[in-house]
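First comes the structure, then the notes that go with it.
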Amino acid sequence: MSDSPKVLILMGSVSDADLMRTCWQQLAEFGVESEVRVASAHRTPDLVAELVGGAAARGVGVIIAGAGWAAHLAGAVAANTTLPVIAVPLATSSLQGLDALLSSVQMPAGVPVASTSPGRSVNAAILAAQILALSDEALSARIADLRASQAEKIRNLTVDQT
Amino acid sequence: MSDSPKVLILMGSVSDADLMRTCWQQLAEFGVESEVRVASAHRTPDLVAELVGGAAARGVGVIIAGAGWAAHLAGAVAANTTLPVIAVPLATSSLQGLDALLSSVQMPAGVPVASTSPGRSVNAAILAAQILALSDEALSARIADLRASQAEKIRNLTVDQT
Amino acid sequence: MSDSPKVLILMGSVSDADLMRTCWQQLAEFGVESEVRVASAHRTPDLVAELVGGAAARGVGVIIAGAGWAAHLAGAVAANTTLPVIAVPLATSSLQGLDALLSSVQMPAGVPVASTSPGRSVNAAILAAQILALSDEALSARIADLRASQAEKIRNLTVDQT
Amino acid sequence: MSDSPKVLILMGSVSDADLMRTCWQQLAEFGVESEVRVASAHRTPDLVAELVGGAAARGVGVIIAGAGWAAHLAGAVAANTTLPVIAVPLATSSLQGLDALLSSVQMPAGVPVASTSPGRSVNAAILAAQILALSDEALSARIADLRASQAEKIRNLTVDQT
Amino acid sequence: MSDSPKVLILMGSVSDADLMRTCWQQLAEFGVESEVRVASAHRTPDLVAELVGGAAARGVGVIIAGAGWAAHLAGAVAANTTLPVIAVPLATSSLQGLDALLSSVQMPAGVPVASTSPGRSVNAAILAAQILALSDEALSARIADLRASQAEKIRNLTVDQT
Amino acid sequence: MSDSPKVLILMGSVSDADLMRTCWQQLAEFGVESEVRVASAHRTPDLVAELVGGAAARGVGVIIAGAGWAAHLAGAVAANTTLPVIAVPLATSSLQGLDALLSSVQMPAGVPVASTSPGRSVNAAILAAQILALSDEALSARIADLRASQAEKIRNLTVDQT
Amino acid sequence: MSDSPKVLILMGSVSDADLMRTCWQQLAEFGVESEVRVASAHRTPDLVAELVGGAAARGVGVIIAGAGWAAHLAGAVAANTTLPVIAVPLATSSLQGLDALLSSVQMPAGVPVASTSPGRSVNAAILAAQILALSDEALSARIADLRASQAEKIRNLTVDQT
Amino acid sequence: MSDSPKVLILMGSVSDADLMRTCWQQLAEFGVESEVRVASAHRTPDLVAELVGGAAARGVGVIIAGAGWAAHLAGAVAANTTLPVIAVPLATSSLQGLDALLSSVQMPAGVPVASTSPGRSVNAAILAAQILALSDEALSARIADLRASQAEKIRNLTVDQT
């Protein structure tokens, strides 16, 4: 298990869990501990503030927020912390994630959010790990290994050309 | 002056004031009192919660929130009150208001926001007045007068057909 | 049952009924009476004018209009009343609701429509109730209860972190 | 002057006149009479119904409607007549005419509108003339002449290739 | 059967036939004769020119062109005739008809196309009939009947409000 | 001067010349001859067919077509030749080139067009040269030189970091 | 078999093979040899550089790159060669290919990519063949034959007009 | 001056410097050292690989990449490192940054990029600082100070309500 701080993963609705699952699974593979909670920027603003406000004290280093529609969750998290915040916009409305992407990424000057692509929750996990790896060499090596093994797999592929 | 509750007008940045001015001007013409404040969902979440949480007690009946980019202000307001909340998305980014519109309107089930069109802050004022007019006959008459005078002006227009 | 005015729910086509059902169901849960009719801005403009023109006299306080495609219904309603009008754009064309959203929300100065998000008809009901609750304390309490119970449910969620 | 029916040109706002001017100018060049009026689907629905309802009796054969934003004018006209209705969406909002185009073209089954491109009011005039020319040979010849002279001009162009 | 000119219906691909079927069916209900052909602006430009060039001589009064993707068919037709040309953009690519709509409607000054909404081929038929009805009173009456019966049906609808 | 075939550059309107100028200038720098003409897919379809049909016989190897709005020019060219056709969509309408891009690129199976980005006419020239360079080593060397000198310039840049 | 150079077909992921299959099948029908490899601009940048850098020496004349999402593959290929590069954007994300199209086509001045439409990999094959056919008359004849047979098939179609 | 690793700021073109300036200015205010270079993913892929490959060894902890159009720079950087990479999409084409945003954010699984909003280069600086602050308490305090002073400024604003 990594000595790094842990990652707090929030999602706006319990129905987002299937889309966010690869996020904590990837962190677990890296040996990074994660804390997973449902908290809605609009339905439970106090819970968001509470979970985020005490995060650093609980040993959290990075926060990931997955949400669809007018995805305010990452922004609401960022408003309550200066820890790095990663958004995973979710393509759960009829507008295919363009709404969630713009709601996540278009933050005002002073309060940044790091947006990944709609639905790619695994990348949020890897980005969080890359951040934590700045002071965790073992984690850094695990990330490099993942990258190398992905590349190796692709290098060895052949396409059935019929 | 109307006996109706007053309207709280929030904007996310002081640079939005020019775009929001027709809002309080129209309310003033209707004789509806307004309280105008800058409060950012991301830079001052506590101020938003504070201004909104005590609004009903200060005699506020409707809240209008104008913001651009990832316009979370109306949503952050709605998260803190059950008063009707009206959004004025502002077309202040390179994406021409589509970002602010989607960030305002795509609210989750349970926490509605009433969105008007990007930049039409005067309509937010009229909508607020229409809501207050449900229990204020004099105000209702003033709205009907505005509508009638607009129609009259159009009826009397002639176009220089050259 | 609430003493509040009732809500008139119009939809542009009978095929929209399934998308609008949560609207009158939510109002019924709040004890707010609703009147539900199909009326098309383009196929039955007279019927729209007739239903809307007489609405206040029938005890209607708020009008909700659900429509897809070039969703003119809310606008056509607003043109015939100064009661608050709420639009529910419906994502029924190939363009996923962007057409209905823009057709609903981009109203001219003087004739506002309150747009909710494509397909979220339950939010139109809650918004209507929030408006009526300004002069109906019992209704206001019921809305606050719904909000609290939603928040409570989320607070108690745990995510199966495998 | 043509013996053809005349063309009724409506625009939603007097500020649209500059964008619509080429429309009546082109009709005048074709010798087709036009009647130009401002009438708003939302601010003066009765005026629209009045102007359109009596149009055929006044010798109108085709109706052109120019409007921006949630451009309902052509649809409101079409709802009140079975004469052919041509829409000129105008790019007058921050959304560059996409709003007006979708609001104009996405009509429900049974009530068609013929949409031209955002801002090309001259094409609405030519389309109206093409319709009227089906029973007016002299007009048909004038349209063919315009087309031929446009083609001739292009054939004779040389480009300064430096 | 109507004495009116007939309608030439072109489609860019035989796979578009299912989407265009309501077009000739509606014309047949109106008693308007139609000629239906597949002709591609890109794969058979000569066939398009041939079918369109001789159309007036074959008694064609209006041409309808249905196509998807970069829907050039209506434009290619309009380039070869001064008869009114109606486009039916088809939502057959991954871009949901926005590509076909813009390719159809954004015509240059001088060569108009009348665009209907993506996939609404029935409206192209009704628009064609409205054009032909300018000199065919019986056809005009049939269109008015269709409109009236549609309205009647809507007026009599009741919604199961459960 | 190159021994390669020449490049035919068409543009849909003489007003496009300023946007297309870098195209023939770049070809001239490469020593590739170009023939520049205005020809509209909609206003002069015969001229397009004529210029394109005889192109190979005149020594043309590649055709470049620049057009805005419903940019059918490249498609109309491709319909009349099996030479490689390069499109330069132009951002000349209110829709900022998205219309021209989709109208250019969404070609049907069997008739490809090679689209470059809206307004980058210099890239069409370079692409044409790359195609011709497959059998012209001197030209290939000139392209490699341009690329190398661009890279060299960037390598030597320093940014004033104040 | 053609004497022409061969075509290198790259795809960003092995899951793209089904969408790219018509590409090499069409080349095979033309008798053009192709080399098909998976290589990712982001996961295996070295492999891309390696496959592309040595391509000309292996007898490759044209390179086709199919990729979805932020489709950088064609751009990464073009950065490493002056051979003509054709992009096939793939509609594999929730954004329906608009992301891949813009990522492929919006190349900077100096490094062109020839983009075809999202998902039309057969057209990339035909475009590649058209390029190679500039110095291969037999191939040119085969392309003309394909075009002629497509046209013939369309000319002979009849539509079941019921 | 901070003891933290430094930040490498790359931009795709020297013309992007004005849009990126707030980035290094903000880092300087935080006392974080930055290294600023122009390097193009397409025109100088080797320079990108060189600058990025040796970055960790030069003491770089975070890399920021600003680019417009098909903004591949951040992706090309991420392909060559496992350090955290932050993208600043730039709205420099006619498509207003939507192209650059999608090209930056839609990265494949395994190679994340942290995207900020189009043109907000100051937020990239703050995000980089937040990342470095995980192991630099003094820097963390400076970020908190900036946030507090921004909030304080907003709290003290009054709007001239005329």
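All chains are identified by letter, namely A, B, C, D, E, F, G and H, in their written order; residue positions are counted from 1 within each chain.
FYI, a residue touches a chain if its C-beta (ideal position, glycine included) is under 8 Å from a C-beta of that chain, and two chains touch if they have at least 3 such contacts.
Model, not experiment: these values are computed from the prediction.
Between chain B and chain H, the least number of touch steps comes to 1. For the pairs A-G and B-C, the larger set of C-beta contacts lies at B-C. Taking the mean of the C-alpha atoms as each chain's centre, chain D and chain E sit 18 Å apart. Distance between chain C and chain G, defined via averaged C-alpha coordinates, is recorded as 49 Å.
Chain geometry summary: the mean Cα position of chain A and that of chain C are 35 Å apart.
Chain C has residues 40, 43, 69-70, 93, 95-96, 98, 105-107, 110-111, 117, 147, 150 in contact with two or more other chains. Interface note: chains touch in the pairs A-B, A-C, A-G, A-H, B-C, B-D, B-H, C-D, C-E, D-E, D-F, E-F, E-G, F-G, F-H, G-H. On the side of chain G, the complex with chain A involves touching residues 11, 14, 17, 24-25, 34, 36-40, 43-44, 46-47, 69-70, 93-96. Listed in rising order, the residues of chain C touching chain A in the complex are 91, 96-98, 117-119, 147, 150-151, 154-155, 157, 159-161. Taken together, the chain F residues at the contact with chain G in this complex read 5, 61-62, 82-84, 86, 101, 105-107, 109-117, 120, 122-124, 126-127, 130-135, 140, 143-144, 146-147, 150. Partner chain A is touched in their complex by these residues of chain B: 12-13, 40-43, 45, 49, 69-70, 72, 75-76, 78-80, 93, 95, 98-100, 102-108, 110-111.
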